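These notes open a run of structures that come right after.
Same chain, two partners: chain A is paired with chain B first, then with chain C.
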Partner chain A sequence: MSVRSAEIISYYAGYVILGTSLLMIIPVVTALLSQEWVPLLDFTISMGIAASLGLIFVLLGRRTRGQAGSIQWKHGFAVAALSWIILMFLCSIPYMLSGHTYSYLDACFDVMSGFTTTGLVLTQDLDHLSNALNMWRHMLTFIGGQGMVVLALSFIVKESSGGYKFYVGEGKDIALVPNVKGTARIIWKISMVYFLFGTIVLWIAGLFIGLNPASALLHAIYMFESSWSTGGFAPMTQNIMYYHSFLYEVVTMVFFIIGSFNFGLHYAIWQGKRKEFVRNIEIQSFAITAFLATALAIAALSRTGLYMDAVSMFRRVVFNVVSAHTTTGLGSVYARQFALQWGDAGILIMVIVMLIGGSACSTAGGFKGLRVGIVFKGIISDVKKLLSSERSMRVYKFHYMKDIVLSDGLVRASALIIICYMVLFGIGTLLGTFCGYSLADSSFEAASVTGNVGLSIGITSASMPAVMKIYYILAMYLGRLEFLSVFALIGMAITGVKRIWKRKRG
Partner chain B sequence: MRLTKMEILGLLTEIIGVLAFLGILFVVTYLFAR
Partner chain C sequence: MEKKTRLIYCILTVFISLTLVGFPIYAQEAAVSVNELIEHSADYNGKSISITGEAIGECLERGEFDWVNISDGSNAIGIWMSKKDAAMITCYGDYKYTGDTVIITGTFYEACPEHGGEPDIHCQTLIISKVGELKNEKIPVAKILLAAGFASSALFLYVAYRQIFRKKA
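Now for the complex of A and B:
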């Protein structure tokens, strides 16, 4: 890595840190309104540290100011990967200061879980968290879902050329309009419209179940942010079960399913291309896999006699399977119920859907329905080619916003990412078994972190080994950024070290 | 932030589409739970 590359990365990463420090104003205001003076101090200190560090980074790279045209793909990838790591350390300061985490590692775990929209929690005593910290937790997951780097750079940095490379670096390979700022604004418009609509609907649902108006509003904001970003955080320890409400569960289900859709699909439908809703390969893939997984899970669990009627089965089985498939992680059964009551078939179904995940360029994780669809179509086209005459030349296509030719390169790229996810999942499972957990438990938890889901079978707790906490942080991070950005950052770091080494020897 | 008629229809399409899908899943659940 050259000095110039380092300066470019420092400059843009600095802006991302500055942008995120500005976001701490929201929990500060929440603390003021709620008269929470200690959290107010926590967030003011954290904001000061984050803003100072961001400023230092920007100043270190100030020579690259106004030269956005010189940004290369590797810079976009490295800025995304580096910013996420630095932000994890900075955003966990308020957690640590709150006294609700046993260690700084636990705080970092929760922040990475939020950023990556995973939803696993190591924070203690959620029921007595301040409003400010609850707002911060849910904001992190909401912003992480839309893309922090994209948000910061689209709205703070003036130059927009080269911005698309940051987009791709953050795992959002999407260009709704030629201008990257325009794309960011469309994404945020869609999210904010849903935010207003969803918050109102959940607020009304909260009033119906007896929450007082102020509390219902805060719960509505938190639960919408969590659902839309397919995050899985909830303000109370019992997660969605706290509300004891079928209505609340159905409303959150609607929003986390919609949240798992590609932003390109939302835009196409909002532009009047409503047929896209049924023609899109990702929607078809999701509908088929979600239907099959739900039907199989219901068939497996109906034999056990656990859930006696359709409503309770829908609330426990369908909710959790769809929550896992969209990588949301809101859970309507307790963690150990998966292990003790769902049986091997139930756990296997959950592991598969958690790994598949939602749509590409959405807030969801997993290796994505698009890739499953492409690889599946690739297999079918290969079989058809084998069966057809050797002289015939057929072009196979799939529909993803427009008709796209199914090339070997596309199938290969999709298969490679799926293999990377499977390796990450395999190592996680192996690590779990090495640390003394059962194979079923280890695979469930590994699938949950790899797919950025957030459902737990009981392994994730403050008492689990530190090595597992660190691996889970890494798995959430790699799974969210879809490997390439992190590989690019590591590659650049190794090149930089090699250069320094050579200079010293030369 | 102003929404056009087309955008409102798009939002409703998504919500109704997802509700319809959940309805199908409920029917499947009901058939198994009988």
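Now for the complex of A and C:
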């Protein structure tokens, strides 16, 4: 990595950090309104540290100003990957200062879980958390879902050229309008309209189920942010079970299903292209896999005789399967119930849907329905080619916002990412078994972190080995950024070290 | 048989009888943790149990009955109770308050058919063992100093940033 590259990365990463420090104003205001004085200080300290570091980074890369044209793909990837790591450390400070985590590692775990919209929790005693920290946790997952780097750079940095490279670096690759600033603003506009609508709906639902008006509003904000971003966090230990409400579960379920759809699809529907919903390969893929998984899970769970009526089956089985498939992670059963009551068939179904995940360019994780659809269509087209005459030249297409030719390169690229996810999942499962957990438990938890889901079978706890916490952080990070950015950052770091080494020897 | 020996036999008989009669009740209603209930849900399903924990969040009113969530430190669970029982709880735990500590005796359901398959407890008796209270929020001086220090450093760097970029412009 050259000095020039380091300066470019420092400059843009600095703005991302600065943008995140400004976001801490929201929990600061929450602390003021709730008269929570210690959390107010915690966030002031964190904001001071983040803003100082962000400014130092910007100043170090000051020569980059006005030269956005020199940004290359590697810089976009490296800024995205590096910013996420630095932000993890900075955003963990309020957690650590609150005293609700046993260690800084646990705090980092929760922040990465939030950023990546995973939803696994190591924070202790959620029921006594301040409103400020709860606001911060849910904000992180909401912003993480839409893309932090894109948010910061679209709204803070004036130059817009080169922005697409940061956008792709953060795992999103759809251009809704020709420039990335416009695309990022559309993504945020869509999310904010849903935010207002969703918060009002959940607030009314909250009042209906017996919450007092003020807490109903806070719960509505938290649960919408968590559902829409397919995050899985909740303000109370019992997660969605705290509310004991079919209505609340159905409303959150609607939002996490919508949240797992591609932003391009939302935009197409907003523009009146309603047919896109039926023709889109991701929606077709999601509908098929969700239906099959739900039907199989119902069949598997009905044999246990645990849930005897349709309502119970819907609230405990369908809700959890769809939550897993959309990589949300809101759970309507206790973690240990998966291990003790769902049986091997139930666990396997959950593992599969957690790995598949939601749509590309959405808030969801997993290796995405789009890739599953492409690989599946690729297999079918290969079989058809084998069966048809050698003379016939047929072009195979699929519909994803527009008709796209199914090329071998596209199928190979999709298969490669799926293989990367499977390797990550395999290592996670192996590590779990090495640490003494059963194969079923290890694979469930590994699928949950790899797919950024957040459902737990009981492994994720403050007492789990530190090596597993570190691996899970890495898996969430790699899974969310879809490998490329992290590989680019590692590649640049290795090149930089090699150069220094050569210079010293020379 | 001697009078003394007869007396000893009598006491022993009464003791053994009481133990035999009392033990199942004790075993059935000994305080269990929420995690223990979940871990051995099939064993406790439909049985009368007793749990001790803190009332958290708020009371969720549902017609003639209310939901109250209880946390015992290991986990939390919903208790389905009458309005009269719920009214006895005056303080619920959150950031500012420690909720009332309650002893609940009731029937545990691993997948309650009445409540959509949720694991819950239907309350029979409720005892407030400790009244909740407002927590004393102490503001550490070190945090005030750190906040002032980092805010100043951010302000100083911002001034430097403004000056450097104004010169460049």
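As a working rule, the second predicted complex is superposed on the first by the 506 of 506 C-alpha atoms of A that agree within 3 Å, B and C clash if a C-alpha of one lies under 4 Å from a C-alpha of the other, contacts with A are read in each partner's own complex, and residues count from 1 in each chain.
Here is the rule we use: a contact is a pair of C-beta atoms (placed from the backbone, for glycine too) under 8 Å apart; a residue touches a chain by one contact, two chains touch by 3 or more.
Small disclaimer: the values here were computed from a predicted structure and weren't measured.
Chemist: Return first, second, both or neither, reflecting whether A:65 touches chain B, chain C, both chains, or no partner chain.
Modeler: Touch partner of A:65: chain C, not chain B.
Chemist: In the overlaid three-chain picture, which partner chain does A:500 touch, first (chain B) or second (chain C), both, or neither?
Modeler: Once the two structures are laid over each other on A, A:500 reaches no partner at all.
Chemist: In the three-chain superposition, say which chain, chain B or chain C, touches more residues of chain A.
Modeler: The partner making contact with more of chain A's residues is C.
Chemist: For A:299, using the defined touch cut-off, is the partner it touches chain B, chain C, both, or neither? Pick first, second, both or neither.
Modeler: A:299 sits against chain B, while chain C stays out of touch.
Chemist: In the overlaid three-chain picture, which partner chain does A:48 touch, first (chain B) or second (chain C), both, or neither?
Modeler: Touch partner of A:48: chain C, not chain B.
Chemist: Considering only the touch criterion stated at the top, classify A:36 as touching first (chain B), second (chain C), both, or neither.
Modeler: Only chain C is touched by A:36; chain B is not.
Chemist: In the overlaid three-chain picture, which partner chain does A:470 touch, first (chain B) or second (chain C), both, or neither?
Modeler: A:470 contacts neither chain B nor chain C.
Chemist: Which holds for A:272: it touches chain B only (first), chain C only (second), both, or neither?
Modeler: Touch status of A:272: first partner only.
Chemist: If we overlay the two complexes on their shared chain A, which of chain B and chain C does A:307 touch? Say first, second, both or neither.
Modeler: Both chain B and chain C are touched by A:307.
Chemist: So in the superposed three-chain picture, is A:242 touching just chain B, just chain C, both, or none of them (first/second/both/neither)?
Modeler: Touch partner of A:242: chain C, not chain B.
Chemist: Between chain B and chain C, which residues of chain A are contacted by each of them?
Modeler: On chain A, the residues that contact chain B in one structure and chain C in the other are 307-309, 313-314.
Chemist: Mind pulling up the chain B residues that touch chain A in the complex?
Modeler: Its residues touching chain A are 1, 3, 6-7, 9-11, 13-15, 17-19, 21-22, 24-26, 28-30, 32-34.
Chemist: Show which residues of chain A lie in contact with chain C when the two form their complex.
Modeler: 21, 34, 36-38, 41-42, 44-45, 47-49, 51-52, 55-56, 58-59, 62, 65-66, 97, 127-131, 209-212, 215, 236-238, 241-244, 246, 306-309, 311-316, 332-334, 336-337, 340-341
Chemist: Chain A touches which residues of chain C in the complex?
Modeler: The contact residues of chain C facing chain A are 35, 38-39, 41, 56-62, 66-67, 69, 71, 75-78, 93-96, 110-111, 113, 115-120, 137-140, 143-144, 146-147, 149-154, 157-158, 160-161, 164-165, 168.
Chemist: Give every residue of chain A touching chain B within the complex, in rising order.
Modeler: 189, 192-194, 197, 250, 253-254, 257-258, 261, 266, 269-272, 274, 277, 287, 290-291, 294-295, 298-299, 302, 307-310, 313-314, 317-318, 322
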